[in-house]
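Listed after this line are the structures, all set down as structure tokens.
In what follows, subunit A forms one complex with subunit B and a second complex with subunit C.
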Partner chain A sequence: MTQDTIVADKLTYHYNDLIAVDHISFSVAKGEILGFLGPNGAGKTTTIKILTGQLKPKGGKVILLGMDVAENIERVQSEIGVCFEDTNLYQRMSALENLDLFARLFGIKSFDAYALLKRVGLAGREKDRVEHYSKGMKQRLMVARSLVSQPQILFLDEPTAGLDPISSEAIRNIILEERKRGATIFLTTHDMMEADKLSDRVAFMNQGKIVALDKPDKLKQKYGKRALKAKVSGKNGALESLEIDLDTPQTPEDIHNLFKKENVVTIHSEEATLEDIFIKITGRGLTE
Partner chain B sequence: MNLKRISILLGKEFIHGPKNFMFIWAIVAPLAFTLVATLAFGTLFSEKPNLGIVDEGNSQLVVMAQELDSVTTREYEDASQLKQATQSGAVDMGILLPQNFDNAVSQGETVVIEAYIWGESLAKTRIILPTTIADLVRELAGQEVPIEIESVTLGDEVSTPWSERLIPFLVLMGVFFGGLMLPSTSIIEEKQKKTLEALVITPTSIGEIFIAKGIMGVVLSVFMGVAILLLNQAFGINSLLLVGVLFLGAIMAVELGLIFGALIKDITTLFTVWKSGGILLFGPVFIYMFPQIPQWIGKLFPTYYAIQPVVELGLRGGGWSDIAVNVFILIGIDILLVFVVAIAARRLMRRS
Partner chain C sequence: MNFGVIKALVAKDFALFFRNRFYTLITILGIVTYLIVYFVMPSSVDEELEIGLYAPVIPPVFEVIQQGGGIEFEVYDSEEALKKAVTDGAHEAGVALPADIMEKFASGLKPVVTLYFSTDAPDEIKDIVETMIRELAYLQTGQTLSIEVSAEILGPDLLGEQIPIRDRMRLMLAIMLIMLEMMGLASLISEEVEQGTIRALLVTPMSIRDLFAAKLIMGASLAFVQGALFMAIVGGLSSQPFIVLFALLLGSILFTGSGFLIASVSKDMLSSMGWGITVLLIFSIPSFGVMFPGTVTDWARAIPTYYLTNTIHQASNFNAGWGDIWTDLLILLAFIMVIVWGGIMALRRKFR
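Coming up: the complex of A and B.
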């Protein structure tokens, strides 16, 4: 039986009249990566704040590692790591000092900050003041800070937002390494490719509600349309696009006819992206 | 509440706090004001207290007084000369030693000394000279002798020197600027840079963060209060009690700082509040500066109960009985503010 490390039960939160989180329930198994997707204002950050004990839900409850967060806040927080969306490092301290401070607050006695900084690609810059770091370096340090306590659950809020491809890839590798170590990862991101690549399951959040939650492949099967896209040479030599639906009884005949009757220039299969599915379910894009 | 975490946070405040502009400002500004004031009024390098004596007999006390390094002693022919010298400020205090003074002293009789005091002499001088005379008399008698000094103030009696009127202002600024502004700017900066969010996501509680910042503020605040009193040579004779009062005042300043830090959004607003609300803090010292204003008005301000005991102990040579009621009121204010700090901290957590 798989043990759930995160259990959210009918969570509700509202800021005055604005409902930010509306009776959402889900669970995340040990060692699983859950991608939490949704446009700005969907309620993702509020959900993370509730899960990590920063906000007390107006309704429902959160169980992390078998403990009710509301009743065991200190114990729960000693077992989790959080990487925030906005950079919130001590800028006048060095990377080493930042990590050392947080390690001591977690009560960790033996801690190799140099090794952790090397792991996130900051070797050689350990003693530089953070204010002199680039955005990518700061973000990697944020991830490193969330790992100082070797947390059982890692909450990552848009960890690669606005980063260069190299920094993003470095962070993705760390996420996968952490999963290998056995950590459960709650990942919010705008990057659909990233969510698709990293997540075992994804949850779509819209207007405070979870509108879909499943493995990416299953969502694609359920909501996506498989198609074959071809470019053919028309009568006057101009390229024309054709699309053949792969899930109809007519498909074999359509494909046969394509090659028999048309001059095919290029052909490729196309499956729905998570973005397509999100739009299909909610009627709005993820970046809206 | 975890003491180890508080000490870790306190270490952070001590190591990295001085990089904060407010930390430097909280030390530099009051000290600069003090130095300017003491230089302007000449009290920083002020002369020794001047004692005038008319000896109607042939007292050894005159010789003993003249041998003292800490007091300048001048002898006068008669009472009218002494009175004139005191009135003009040539001496801070003039005493008349009657005939057979030494005999009376050695027989342990009650000694009555007639004294003139210059109305504009510094408060510290008014503490130093009678204490010195009493010591000399005891030395002369070789035993404890009851001494009565019957004093008459000459010159402008109500004219407290400006150098002295400014001391409560300087002390209050030293104690409250550091104590109030350091924790408040530190919390606001942590809110704005969102590092507070990062701290409270660890097992650290907001209470532990507030206590660490508070301790830092109290230490700075007491240090500044002591430094300003020392620079003004206004430490009185009850030093320990005075430090205790400064400590209680520092707690009040820090509590207000924590409340402001929790409730105010940014540094600009904090400075606006400091400037506009400063009258509530500095009201009592402005009233002290102008003795023509009814002094009871000062009691309407909470800071009165922090500064009045300092004035009483440091400038007037008072003791516990002179300050007890106000100190208890100050303790009451400190306790009340603890609850307000707790409410503000809870509100801060909800809003963040």
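Coming up: the complex of A and C.
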């Protein structure tokens, strides 16, 4: 039996007249990665702020690890790690000093900062001031900082945004390692491929509401359209595109006819992406 | 309170402060510059006598002395003009002769001569001027007790307690020095908000109380150490050192609370400097009153630093004890509580 480590119940938050989070409810099981997707302004960051105790919800409540966040803020925060979207490191301190400071704030007496920095690929640069780091290095240090206390819940807000492929891959590997360790991970991202690859379930957020929440495959089954796309040689030699829907009773006959009647140049199957599904559900793109 | 957390935060703040070249520069430059300013100021008092005179009728003997050039009199058209000149420091003493002086001399009555003295006129000036007026009356009438003298001090009576300008100035220099740290602290907090590091701190088990305690300790200790060091070097602790140090400590807490308020309305380092200079100028006003007695009126009592400057001034320059300054300290404490509390509340809102 899995235990829910994050339970959000009818969370509501508004900035004056603007409703940022509108009665959302969801839960995340221990060791699960929940991808939280939505365009800018959808309410993702406000949700993270509420979950991590930075904001008090105007309505509803959050239970983390069985504790009400509003009533046990310090106990809850000792069990979570947060990686912010914007770089917020102490620039005039070294990576080592940044990690040591946070270890002390968490009350950790024995802490191997070198090992953690090696894990995120910053070995050899431990004593350099952060202001001399590249964006990718800073982001890896942000992830390392969120891991200082070996948290039970990890909140990662766009951890790979704007990074080069190598840094992004390094961070994805760390996310998977943390899940293996048993951490529950709440991940917001714009990168659909990343969400698809890492998340056990994804939640789509739009205009303060969760409009869909399920496993990526199930969402694809429910909302997506599987198709076969082919390029065939036309009568005058020009390439023409054909698409065959894979989920109709007519599909076997259509495929048979394709190969029988057309000169097929290329053929590949296509399934809906999370972005396609998001657009289908909300009528807007994730990057809007 | 978690002292381990507070210690870590204070160490972090000190590291960040001194790794910022600008803060380090203004801290070192501040101490060095203010020490230089103090030591180049004259250490003695200029006791040259200057007298203003209001006389509707000038007795012949006064005219003779004026013409002879033995004493410099500057004649004013009215008694009010004379008083203003003395109050403004144009003369250390002023003499107002009554309009009927000659009639009274003639009838054997004693005219009343009013003497005005500036607040910081030396004690001996009073004796000299009074003796001189009696001598002139004697020369005029040939009688020893021919006038009555009425003396009035314009402004607070510090007669005989005059102090060199640099000792008046050291108070202003010390307070301006520790106020510089108020600006440094405000910038440091603004930087934390601007760079988002405060958000990273607020999602750790650290409590907000620990955060403010650390900022208070850091800001107040940085300011206090500099102020105390400066006062020790310039001899400001030679009289009532415990009162001076206690007042400096309170001042440092006051300025730290003010730093919180400045940080709460600032968006970045530049705006915190702008607000900081504005507050610094307002807070400096009472210390100008110490440097130039009579220039600051009672409205300065609305400025919290009035009670700080007055305490340090009285203790270090006039050897005032706890019994003399306890009301000032109480009022200062009340200001501190309001400002620190207001600063914390304003910053808490900003941190959200």
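The rule we apply is simple: the second predicted complex is superposed on the first by the 288 of 288 C-alpha atoms of A that agree within 3 Å, B and C clash if a C-alpha of one lies under 4 Å from a C-alpha of the other, contacts with A are read in each partner's own complex, and residues count from 1 in each chain.
Here is the rule we use: a contact is a pair of C-beta atoms (placed from the backbone, for glycine too) under 8 Å apart; a residue touches a chain by one contact, two chains touch by 3 or more.
The structure displayed is predicted, hence computed values, not measured ones.
In the model built by aligning both structures on subunit A, subunit B clashes with subunit C. In the superposition on chain A, no contact is made by A:134 with either subunit B or subunit C.
Of the two partner chains placed by the overlay, subunit B and subunit C both lie in contact with A:104.
After overlaying the two complexes on the shared chain, residue contacts for A:52 are found with subunit B and with subunit C alike. By the touch criterion defined above, A:40 reaches neither subunit B nor subunit C.
Superposing the two complexes on chain A places one region of subunit C into the space of subunit B, and among 77-85, 149-157 or 203-211 that region is 203-211.
When the two complexes are laid over each other on chain A, subunit A has residues 52-54, 74-75, 77-78, 80, 82, 84, 86-93, 101-102, 104-107, 145 in contact with both subunit B and subunit C. By the touch rule above, subunit B contacts subunit A in their complex via residues 4-5, 8-9, 12, 16, 19, 193-195, 197-205, 352.
Those residues of subunit A that touch subunit B in the complex are listed here as 52-54, 74-75, 77-78, 80, 82, 84, 86-93, 101-102, 104-107, 145. The touching residues of subunit C, counted against subunit A in their complex, run 2, 4-5, 7-9, 12, 15-16, 19-20, 195-197, 199-207, 352. Residues of subunit A that touch subunit C in their complex: 52-55, 74-75, 77-78, 80, 82, 84, 86-93, 97, 101-102, 104-107, 145.
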